[in-house]
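Order of writing sets the chain letters: A, B, C and D. Residues in each chain are counted from 1.
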Amino acid sequence: MSSSLGKLFTVTSFGESHGKCVGVVIDGCPAGLPLTVADIQKDVEQRRAGASVASTSRKEKDEAEILSGVAAGFTTGAPLCLLIMNEDVDDSDYEKIRSKLRPAHADFTAAVKYGGFSDWRGGGRFSGRMTATFVMAGAVARKLLSAIGVEILAHTVAIGSVSAKPMTYKSIKQKALKDPLYCADAAASQKMAELIAAVKKEGDSLGGIIEGIALNVPVGLGEPIFDTLDGDLAKALLAIPAVKGVEFGAGFAAARKKGSENNDPFIIKDGKIVTATNHAGGILGGISSGMPVVVRVAVKPTASIALEQATVDIKKMKETTIKVGGRHDACIVPRAVPVVEAMMALTLADFAMRAGIIPRVLK
Amino acid sequence: MSSSLGKLFTVTSFGESHGKCVGVVIDGCPAGLPLTVADIQKDVEQRRAGASVASTSRKEKDEAEILSGVAAGFTTGAPLCLLIMNEDVDDSDYEKIRSKLRPAHADFTAAVKYGGFSDWRGGGRFSGRMTATFVMAGAVARKLLSAIGVEILAHTVAIGSVSAKPMTYKSIKQKALKDPLYCADAAASQKMAELIAAVKKEGDSLGGIIEGIALNVPVGLGEPIFDTLDGDLAKALLAIPAVKGVEFGAGFAAARKKGSENNDPFIIKDGKIVTATNHAGGILGGISSGMPVVVRVAVKPTASIALEQATVDIKKMKETTIKVGGRHDACIVPRAVPVVEAMMALTLADFAMRAGIIPRVLK
Amino acid sequence: MSSSLGKLFTVTSFGESHGKCVGVVIDGCPAGLPLTVADIQKDVEQRRAGASVASTSRKEKDEAEILSGVAAGFTTGAPLCLLIMNEDVDDSDYEKIRSKLRPAHADFTAAVKYGGFSDWRGGGRFSGRMTATFVMAGAVARKLLSAIGVEILAHTVAIGSVSAKPMTYKSIKQKALKDPLYCADAAASQKMAELIAAVKKEGDSLGGIIEGIALNVPVGLGEPIFDTLDGDLAKALLAIPAVKGVEFGAGFAAARKKGSENNDPFIIKDGKIVTATNHAGGILGGISSGMPVVVRVAVKPTASIALEQATVDIKKMKETTIKVGGRHDACIVPRAVPVVEAMMALTLADFAMRAGIIPRVLK
Amino acid sequence: MSSSLGKLFTVTSFGESHGKCVGVVIDGCPAGLPLTVADIQKDVEQRRAGASVASTSRKEKDEAEILSGVAAGFTTGAPLCLLIMNEDVDDSDYEKIRSKLRPAHADFTAAVKYGGFSDWRGGGRFSGRMTATFVMAGAVARKLLSAIGVEILAHTVAIGSVSAKPMTYKSIKQKALKDPLYCADAAASQKMAELIAAVKKEGDSLGGIIEGIALNVPVGLGEPIFDTLDGDLAKALLAIPAVKGVEFGAGFAAARKKGSENNDPFIIKDGKIVTATNHAGGILGGISSGMPVVVRVAVKPTASIALEQATVDIKKMKETTIKVGGRHDACIVPRAVPVVEAMMALTLADFAMRAGIIPRVLK
């Protein structure tokens, strides 16, 4: 396991889906940031709400706690430990399939890597539940970033075959958060919801595409050659289970264009150098350009489906079949939207500290 | 700058496009690996050859040197320093545009981030030439990986609008390396070459898509939650200038599929657990599954084009136009193919050491 | 703050003296280590007991909890979170001196570094109480090391002007743990206790010297040039508040000797290469030699004393005096003995993993 | 090997005593620092001069080169590669003792750790010659620190049984650098020189003690809990071959004192909070206090002596004797004085960057 992310703003995740708790330690958070449990709970709720249409979510309350690092309402410069105790832990559905490998899950790779000792209950460390720890840490990172004006939003741009139409950042900001699927295009959202309902009935599942946008990012975040802004964003986003691809700006479409089409001309606007277009997704040479940072991630369909699938019983070393029971989301895309925001926030906060833009003490 | 990559097999890059040299230090390479300059030179040549059709490459010889870490033909356990002295350094084309920002280059972001002190000559640290240091280090990583049977190959799957047809790994291995564009589909390669020639005539450029494949990767490489195999591969691949997207296995296409279509069923083959399909691209839960690791990267069209483009003179803070002179590749995709292999090798070697699969001393 | 230690066996500390808890996350612990709360509690108790003679310790029970990383009695490969909730938190003594800087404490440096936001209650992050987190993590490291036969012991060799006489490792092992001051020389221990009692009566305090010994350390731990075994041991030991010096083997005495006196001749014993003497303290070139690793640390006298001292009121920026109230140890040396063991265990476990001697999965 | 030091100002060492070169890459140096070869050569010369009385030094010129990271006389923000090519490489003395382990050297531990592949010629990576790379990097760090007013000096305080008398920082600054043994006490220096001459005649060697002092260090450098200023200074200093102990301020003497004697009272001087005494050596709670940072290191006597010593032939696994030929310093203490300065500079520069006191771009 390597459970830490970030160089100056460092996040260490711990806990398991069906263990006592899930939690996170943030080391390197500047002193002087006003922080309450409510700041963190708000983002945790947003992640849970993301499940309303698309999933049968866990019933537990998910109450965030701050165990350390805050005194008199401000961060102290000491590490923050943020925790959610697990309540709604029912292993009954999992016991019977312990030795049957769930396709598209980490059961097989974890069993081999950890010699059969890894916590298989509810997916253990590989459960989507671990993203609650990302969201808690992301809430702190977002507060930090807001101190330098950076704003982060993510929205659903596709679920299965249904795509949202392109919209302005302003529209996305106004509409996405209010939509049950975090989709800014209401008509598309309606179709997505219908598709999810239909597929759920079949016992099947859907994936989709999420777009993350960071506005007002100052020029200069990113540490080339290797710790590029795009590289570290991609790494952080691929920590979200089910993400199978990441692209910036024009992304894969850029591969099909000519240089004259894809290059973003520099212009002067309001006395500042900007680009007329933003095919680069706000990143040039691994460094933020001041334009919106735009990233899209491909989320694969939920691995757990009720349909019968071919698999192997690893104890008996025999081929068999499996129907994955328990509570599962037919589509985890909306649930992952706040997680995309969290991973962007964690990465940008770390780079803003590395660039010296966020000071060691806030005043 | 953050010029190091890897945790146990750590690569530190230095040098500039038009400085004295480009080089790399590898720290953590096990002792006892037989290594000669020829091992490294071979990969350096492959990278240069990648330019034959698509580019007007630098004329210099690119002679790799081993400055340290090898004695009596074997690595000693001490850091390797690998170097290429720059010879063909002609700044004349660059002097005149120093203050004019080249669109889609790092001129603007580097100027802001490094306060005007960064080496702008030939792109400095942001030049594609830095990938020669990746290839040198990658050659060492490939030798290490070959000790545990891992084989890495990359090939061109698209240039501009032309795509290669899907082929078996066996065909790719046999054909891609011999093709001038590293494309295994000869008919597609022919069309790609024609397209490049046409676009070059226009003074324009093309991008494309490269697929990297790692065969015989043992189960268990990757360190979740955060140092996932896919996350670190993506980060390494995004260090290649011009890469704007990365996807694994089915990638973005997975987002459009149902779970029943995308899940790879487990089967037993030759007494081993494998998957019947490989939509996961050989990675489950951030850990290698034993199936081929398959990744595709989107390469944007070459930023430097001869056509006139709108831009800004950063010294005069005035809008102007630019035609980028000097030697430039109309399409750098083939040149990037060996670099994709190198980045995969560096990442896999690091993880194989972290998993304890490559020992500290080879015998 | 930088609250992590170790590269492959990584410990992250959190919590404060008078906050909700003190805790630690261990990332990188191999799967398959049998581990119970009792294993950790045993070392926590030893640390508390170290205070019996020398101090007025906190009354709380110090009950260790395992929050994550263990399932069915074995480590899972996932991060361990170990926690002690604080109970006996009484801030009354501290409130009145908040603005008066306690000499030889971190009050001043913390106030400046963290802009007045650091948690000053009970010393916050700078309290000796944080060493309970080191001891919890050290207990896990010791269990790991015992799997490869490494044994760690520490003992008191001096308190104030009283020194213990030199003794064999066998005697130290038999006697030190049973002595109330962890001193293997019973006569010296008696004098030390008397000295502590006398100094305590005066309202003053004492320091001392602790020796740590690691037996059966395999040859080859340590990663020169920079991550030397001695360098990382020294760094870990200096994380113990009050430690002001570290020496290995002959240490400062070696500076006064001739080469012919200090060099340890190699001999063959029981078919193995060892040294006839051990002035090197078991470390040659930063790498363990197979001889006992011997380190001594200088512990300064407890900073908190009841006597009146000159100081500054940082709020009023005025010179004043202070008598530090609350519960304080007249001598923390015995309390620090198990902490020295813990820091040695953490460092050696990390290096044993880096050397590939402790595998990723224990069987 | 782990050949890197520092988190934001990161130094990676490479090369061998009798290989092609010794060198160092500095990653993270801010852009805009004026830097020439002469800046580096000056410190390299000081290290060589340190040998004048005490040693038979290598005859080579030790010409530093800057291979990268500087353009137009200023650092660019890109990694600096600094190199000294080896010239005076004569392996003849070493060939005959290859299999005979030199007592107090790393021959044995390196042979075991690197499976017989490590470069044994001239000590390879374990040679004192590697400290030339520390000194080159230290020269850059010192220039950086001088931008914030920090001044670093080291001096010889003891050689063998001869100790220098205590002196003011002003006297040390004026006199130590001019003394052939870097000792500020001329009378003691004379006796030290006589002692060295006598011991050299016997074919034996001497150790000693070096004191390092950093003046004008701002309050707030150091990153507790673990990356304390003292901890990281100790680690850096223990990378110097032959250093066996490190102490800060009163150091080991503090262990024998009472709290009322050792505590430094706070006072106000020139409107600033300082301490009346400096037993703490300028460090409180792992953080610089603004007082001079004072550290002493114990240097063991040179391991290579001409006298016959008992040892083992590792190939024949037989006890034998050895007389170590070749050029050797009877006392390396003066040579190590500039290296102590370098290691202090590297550590302080890294912490000054981590504290945000040295900006990313100098203007």
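Here, a contact is a pair of C-beta atoms (placed from the backbone, for glycine too) under 8 Å apart; a residue touches a chain by one contact, two chains touch by 3 or more.
Since the structure is predicted, the reported quantities are computational estimates derived from the model, not experimental observations.
Peer 1: Tell me, please, which of C-D, A-D or A-C gives a repeat of the B-D interface, judged by over half of the contact pairs matching in residue number.
Peer 2: Of the listed options, the interface copy of B-D is A-C.
Peer 1: With respect to inter-chain C-beta contacts, which pair, A-B or B-C, contains the greater number?
Peer 2: More contacting C-beta pairs are found at A-B.
Peer 1: So, comparing C-alpha centroids, which chain is the farthest one from chain D?
Peer 2: A
Peer 1: Rounded to the nearest whole Å, what is the centre-to-centre distance of chain A and chain B, using the mean of the C-alpha atoms as each centre?
Peer 2: Roughly 27 Å separates the two chain centres.
Peer 1: What whole-number Å value describes the gap between the mean CA coordinates of chain A and chain C?
Peer 2: Roughly 39 Å separates the two chain centres.
Peer 1: For chain B versus chain C, what separation do you get between their C-alpha means, in angstrom?
Peer 2: 46
Peer 1: Counting only residues that touch at least 2 other chains, which ones in chain C make the list?
Peer 2: 1-4, 7, 13, 113, 125, 354-355, 360
Peer 1: Which chain B residues qualify as touching chain A in the complex?
Peer 2: 1-5, 7, 13, 101, 103-106, 108-110, 112-113, 125-126, 130, 158, 160-161, 199, 204-209, 219-220, 222-228, 230-232, 234-236, 238-239, 241, 244-268, 273, 275-276, 279-281, 284-289, 298-305, 307, 309-312, 314, 317-319, 354-355
Peer 1: Spell out the residues on chain D that touch chain A in their complex, using ranges where they run on.
Peer 2: Within the complex, chain D touches chain A at residues 7-8, 354-356, 359-360.
Peer 1: Okay, in this complex, where on chain C does chain A touch?
Peer 2: Listed in rising order, the residues are 1-4, 10, 12-16, 19-21, 23, 25, 27-28, 31-32, 67-69, 71, 74-81, 113-115, 117-119, 121, 124-125, 360-361, 363.
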